[in-house]
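Chain naming follows the written order as A, B, C, D and E, and within any one chain the residues start at number 1.
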């Protein structure tokens, strides 16, 4: 019984169905969760391909961090703000689907035509086992051939972090923690709960006086729950 | 004497430089004296040179100054070369110049640009002298144009007059047309003979003589001759390019006298004479020259007949007389042409100076219809003018008769096919010349004055002007005798070495006494008389029998007298009414009055087409086509980029769609091109 | 690591699971007893001698309670969320080695369910997968408080998972392998310092890592000072406010199993797992030692719960990112240097 | 003395001046112009010294050879031969004169102005001296920028359009040249395996026919734009009209020679086959340029445009001379280049002087300037006759030699070329007539003038005979206010000052040079001839001392 | 049934990729699009690893490590942007976001 084939078909089917569900589901949370399912299956595929480390990385990084963040944001966005499921420009979307199908056929054809592969490397399963498993082998390759890339990727991650901070954290919150004197301001509107305590905005910006703060926001402007001043919600 | 040759042109040049640079502030009125002294010095040297050359039969003086253009084989030295022909020309130029300088002192006395005038005149003299002294074709060309420059400056002297300046420009441009022909001729000679020098074993003349041996075709010789002749026409105001001379009368009269009568206009004749070996090689060239000469003389004579402007009449008469010289050259009568040139220089100069003093007296009034009866007011001017008229008409004792007659005889007896025709035309023109000369004399000096005496008080001009008139009158009357007896007078013998290959003259006379009238002290005049008396009788066979010369002499006298008589009848007694004849031959009369419509033809069929073509080139080709394309390309790029802008819709979906489309295409290409799918 | 037949692994796995479930039950009892003792009271005494049957009683209560689903809840997710937590907690025990390969009845039996060469990471991965149970559960119960609890849990777990992972890197550098069995074996060898023969536990060579690991582990299981997600005072009971009876028990069980697994994991990594004086000869003695170590850890949990006040949320996040993470990185750097010096690559 | 880097001193003296001014931020107009004049004069004197020390043979003298970018094969290689020496002297003289001329005419941003001009001078000198294509190209581009600035900043009304057009035209050309240089560099490398851009060694390589044809074409376009030749000349009139006087003097007198020099230095020796291939094409273009330039100058209402088109015509002679491929043609082209430098440079100075007073370039705004400004008129007539090609002045020798050479090549072309001289006389004399001669606004028409218009006759009658009547009202609509520039009529030039000392200093040397080269051009021939012989028979040039 | 060759994995990754692509093209919710992008990234990872193992080299897997890192960074910044966008009061609807165009 070719267990691997069976396992492959099962996992493959689940992941494809999950992916389809993710695209088609009206409720974003459901699509989020379906994506989690899909990614877990993909981790399974990685294991079948012998890349255990990648499977674990897939689980920890993708499902563990990125999708959690995604769900995080999904939950923060009030459901009624979400756009209607139905398509705004049918023609455009129709063409999109058509293109997708054509591309699928093309890639299928490409796979079928069996292009020749490059020269066989020396990382046969036997060598990997000799080195003590996929993790050790991959570790050694990473540290030797791809050392530069490894360093550069660390830079990419750092920029990612800084980017996230700059974009997501509104100043005001920064101040309340008290430790953070000033943050990188992108000119977000700066709320002011009590004028005395808070220091003026960045040098050139005039502090928003309390009067402004109380100005009722026009109804049309719908606001994000979390971005609002948490004081509205927690009594701590 | 070679070492002092450079003095002749140098003196006027020095006078020019002094007058030009210092004239306005330092020299002022003294500039006249400087010019006159310089000219006289140059005249003295010329006379010395003449006597030196006359001493030995084929003596030639040459002085090399410096090399002008050493460009590979085209090596142009600046050397002065004097032979018999050149010495005669030197004498003529310097004599007339000196006299005109003296005359101008009086004439231009109270003119604003006095110093400027006396700067330009020596410059002209310098260029003319250098032109005569030049030993190679290019140097001749250089001073050919320099003379054109001076005529431009002098014609346009009163620059505030628009007509004067237009005339100057016209003169220069027409001359320039001729000069272009001349230049092209030089180039052709250079490339055929490899050198531009006249003389010497490998000079142009030597090579021209045996041009067949050198493999130079007859056609080239004709081409060279004709091109050079085009230059001559431009300068000596022959038929196609003569239009500038009448307009040149805008300049001050001394200028007309010096330049447009005596010297510059004769440069063309001199050049043809100088390069006669080339002309001898091509029969057709000579025919052309003769025809042009004849036609021009007839044409000018007809127009002169109907002119009312005193100076214009004399100008046209100059063109006519030049016509004589040219057809004399054309028919091979080289010596006759030069002889006529010399005599013409004197009596035509006198005529102009006379006209100048008339103008002076009549407050710059030139229209003959407003003159009359000036005999009583300016006796000297009258008598000198009369002598000059007789000479010009060609009456027996006067200079004009001998030279003109010899030209006609030479033409008649010459081997050239058109000789006979030229001679006949010459005779007709002689009649017309006599007619219009005496029409002009009778209208200005006889009958009742046709101006109101209160406004204009004609008076005899001052000493400065009168003395030159008298001095010039002498050669105008007597110079003819140096060519007596016709064909083998002392003048002919003197010029023999220059023209010895000339077929017409094969005689070989021995030296004879000098034959020139020398101005100034009376003693010299007596020397001339002695020379004439002692005309040597020598045996020389001349192909022209004395009988023909005598008959022609009688014919031309008859013609001259009849011309004068007809003029007497119309303008003095009034038996023939000029207006009636004019009316009867109206179309002919209109033709002559409008100067054969030549000015209009040139303007409408040459100047304007060029101008319109230029305007077309600028407006259409430059602005529209070339600039148009350049700016057009810029505008096109702007338009394209404007259209491209609309592709950016801003919708994220569109961009994603674009990317997807890109993917599809790329994979498609891969499949089609590189994969084994379709193979 | 002998290749044993499939069914033997199943048996061992089954035994481990049951031990775990029973252990979990008695942890609840153990916790209530110790807590009570700390608060100078008796704790459960009536249900069986010293309240030993109390877990059974709880189980019966939970099963009996009415199982209601909130109106706006997302029924499907509401049902699956607790299961995810429970299953995740259980699965992570598979890699923990309870001993080497021993001969039982003439057959080589390895006292662990499986030995992945990414064992340690596997535990982390399953831990992070477990978070989904909480988040989805919080969202599915359509209650704002539970939602906030869920979000806090998500944030907390992500941050502390990072610290957890990095603190273990020190050990991986020393052992050079990720598989727990390998790590356990490396700790068996004893090193002689002078007269003493101590087995080379990593707690000795990685003290800082051990402390960081403990703090992160506590936070990971939402226990004691880090139990903001189900902070009773503010959010009623956090993400599982809407859960009742049976579904709540899964959360409740999951939490305790997590605690057990983490303490097992800690003892394997830092205290050499089943190693102790005399454990080489008798594998049974090894298990006993392991049991004692786990008990100590459990006591530490409970002790924490009894004494320390709850962290404020931003302090919680601040501590993770600004204190623990730098320390973990520092530890990695130091161990790496020591390892290089040991290999002689630097001097 | 022989190893003293005379060439570098000449080239970098102006640059030194520019730097000095640059590093004096508060330099006033007086100090910066003083420095500029001193720098350019020194450079001129140095060039005279070089001229003196130049030995009349066809070798490259005063060479300086230092390797610059070794692996690229680029060396700092400077040297001059007969052709370059003359053009360098011309450049230094003209630059000195134009700097002196802008003594008091430029009073806005003077500091930058002098820096720009000095940089321009260095650029031009560098072009003439560099024997390394790389160095040549650097100087070639260097001179482009200051010139564009000169036109763009200190020019007249729509100077920006002119500057941009000038810049784009030349840049387009020089980019093609860059491609050609690279092609040459590569093909030489393929042949001999050594990287070099040194012209003398490049001459050694033998390049395929097709290659030569194309590379020649690329070089040719760059030089054709610079000369400018017929189809690509439209930038010149605009650039001249808008450029400040000094700028347009330099542009006309020197920058137009770059093209000609480039052909003599690069195209002819390096690509003999290319030259033969393109010869007829270039000759036809040059003849067209000569005719076209002459005809267009005939009808230009704008004074500077007229002179600009006349320089297109004159430069046609240069290219014609170069491509005739006989010694007369070559000598002629060099003479035309020098003569054009003096004459047109002087003409632009004269136009500039007139512009200072009239503030307009419309020809019919002038008239009868001989009365208020006699000395200026004298110079103007002198230079006008020089550029007509009157023998005895510099213009004639060059033009005659070129036509003589052309005659040998093709009679029809020669005839056409020489006939254009008539049109040249026509438009220049007509210009002089309209500007210098004739009457100023307040002068009475001359009674004897035959060509009086009826209006003038009426005015004459009204004034009466005694000729001292009241000053007539202005006939042709000129306005009393000298500064107001009426669109149409003639300006009131009665109280325009004649030449100032500065203007005299600028014009007199040019006049002397024009007359000198006209009367006694022998020294120029002695210097240039050997080099031309070398270029003609493609001899391998060797380094002299 | 044939043994499990590399084509199977490639087919799977192709399908997932297309689904992701269609999601991006079709859906209007920025977050869903974001998820689809993540899906496309994973699909590519699968094919990378598949090729890696097929040619017995670890390059594929090393590469995937880097893509995952980049995906993480991208997710952080992407979510940051989405938060910033939604905080400005606008919806997360893709079609309304064309302020950069004009």
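Just so we're on the same page, contacts are C-beta pairs under 8 Å (C-beta built on N, C-alpha and C of every residue); 3 or more make two chains touch, one makes a residue touch a chain.
Quick caveat, the model's predicted, so the values are computed rather than measured.
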item	value
Common touching chains of subunit E and subunit C	A
Reaching subunit D from subunit A through chains that touch each other, fewest steps	2
Most central chain, Cα average position	D
Of all other chains, the one whose Cα centre sits farthest from subunit B	C
Busiest interface, counted in C-beta pairs	A-E
Centroid distance [mean C-alpha coordinates] between subunit E and subunit D, Å	66
Approximate Å spacing (C-alpha centroids) for the pair subunit B, subunit C	127
Distance from subunit B to subunit A - Cα centre to Cα centre, in angstrom	102
Distance between chain centroids, defined by C-alpha means - subunit B, subunit E (Å)	98
Sequence positions of subunit A contacting 2 or more other chains	53, 65, 69, 72, 76, 89, 92-93, 96, 99-100, 103, 107, 112, 134
Touching two or more other chains - residues of subunit B	651, 653, 656-657, 660, 663
All chain pairs that touch each other	A-B, A-C, A-E, B-D, B-E
Interface residues, subunit A side, partner subunit C - complex	27, 29-30, 33, 36, 40, 52-53, 55-56, 59-60, 63-65, 68-69, 71-72, 75-76, 132-136, 177, 179, 233-234, 236
Residue numbers on subunit B that touch subunit D, as the complex places them	24, 66-74, 138, 141-143, 145-146, 149, 152, 156, 158-166, 168-169, 172-173, 176-177, 180, 183-184, 187-188, 190-191, 250, 364, 610-611, 613-615, 617-618, 621-622, 626-627, 630
Footprint of subunit E on subunit A - complex, ascending	2, 4-5, 8, 12, 15-16, 19-20, 22-23, 28, 31-32, 35, 38-39, 42, 45-46, 48-51, 53-54, 57-58, 61-62, 65-67, 69-70, 72-74, 76-77, 81-83, 87-89, 92-93, 96-97, 99-101, 103-104, 107-108, 111-112, 117-125, 128, 134, 137-138, 141-142, 145-146, 149-150, 153, 156-157, 159-161, 163-168, 170, 186, 188, 221-224, 227
Touch list for subunit D against partner subunit B, complex	165, 231, 233-234, 292, 295-296, 298-300, 326-328, 331-332, 368, 370-371, 374, 385, 390-392, 396-397, 400-401, 403-404, 407-408, 414-415, 418-419, 421-423, 425-426, 429-430, 433, 436-439, 443, 446-452, 520-522, 525-526, 529
Residue numbers on subunit E that touch subunit B, as the complex places them	21, 24-25, 28, 94-95, 97-98, 100-102
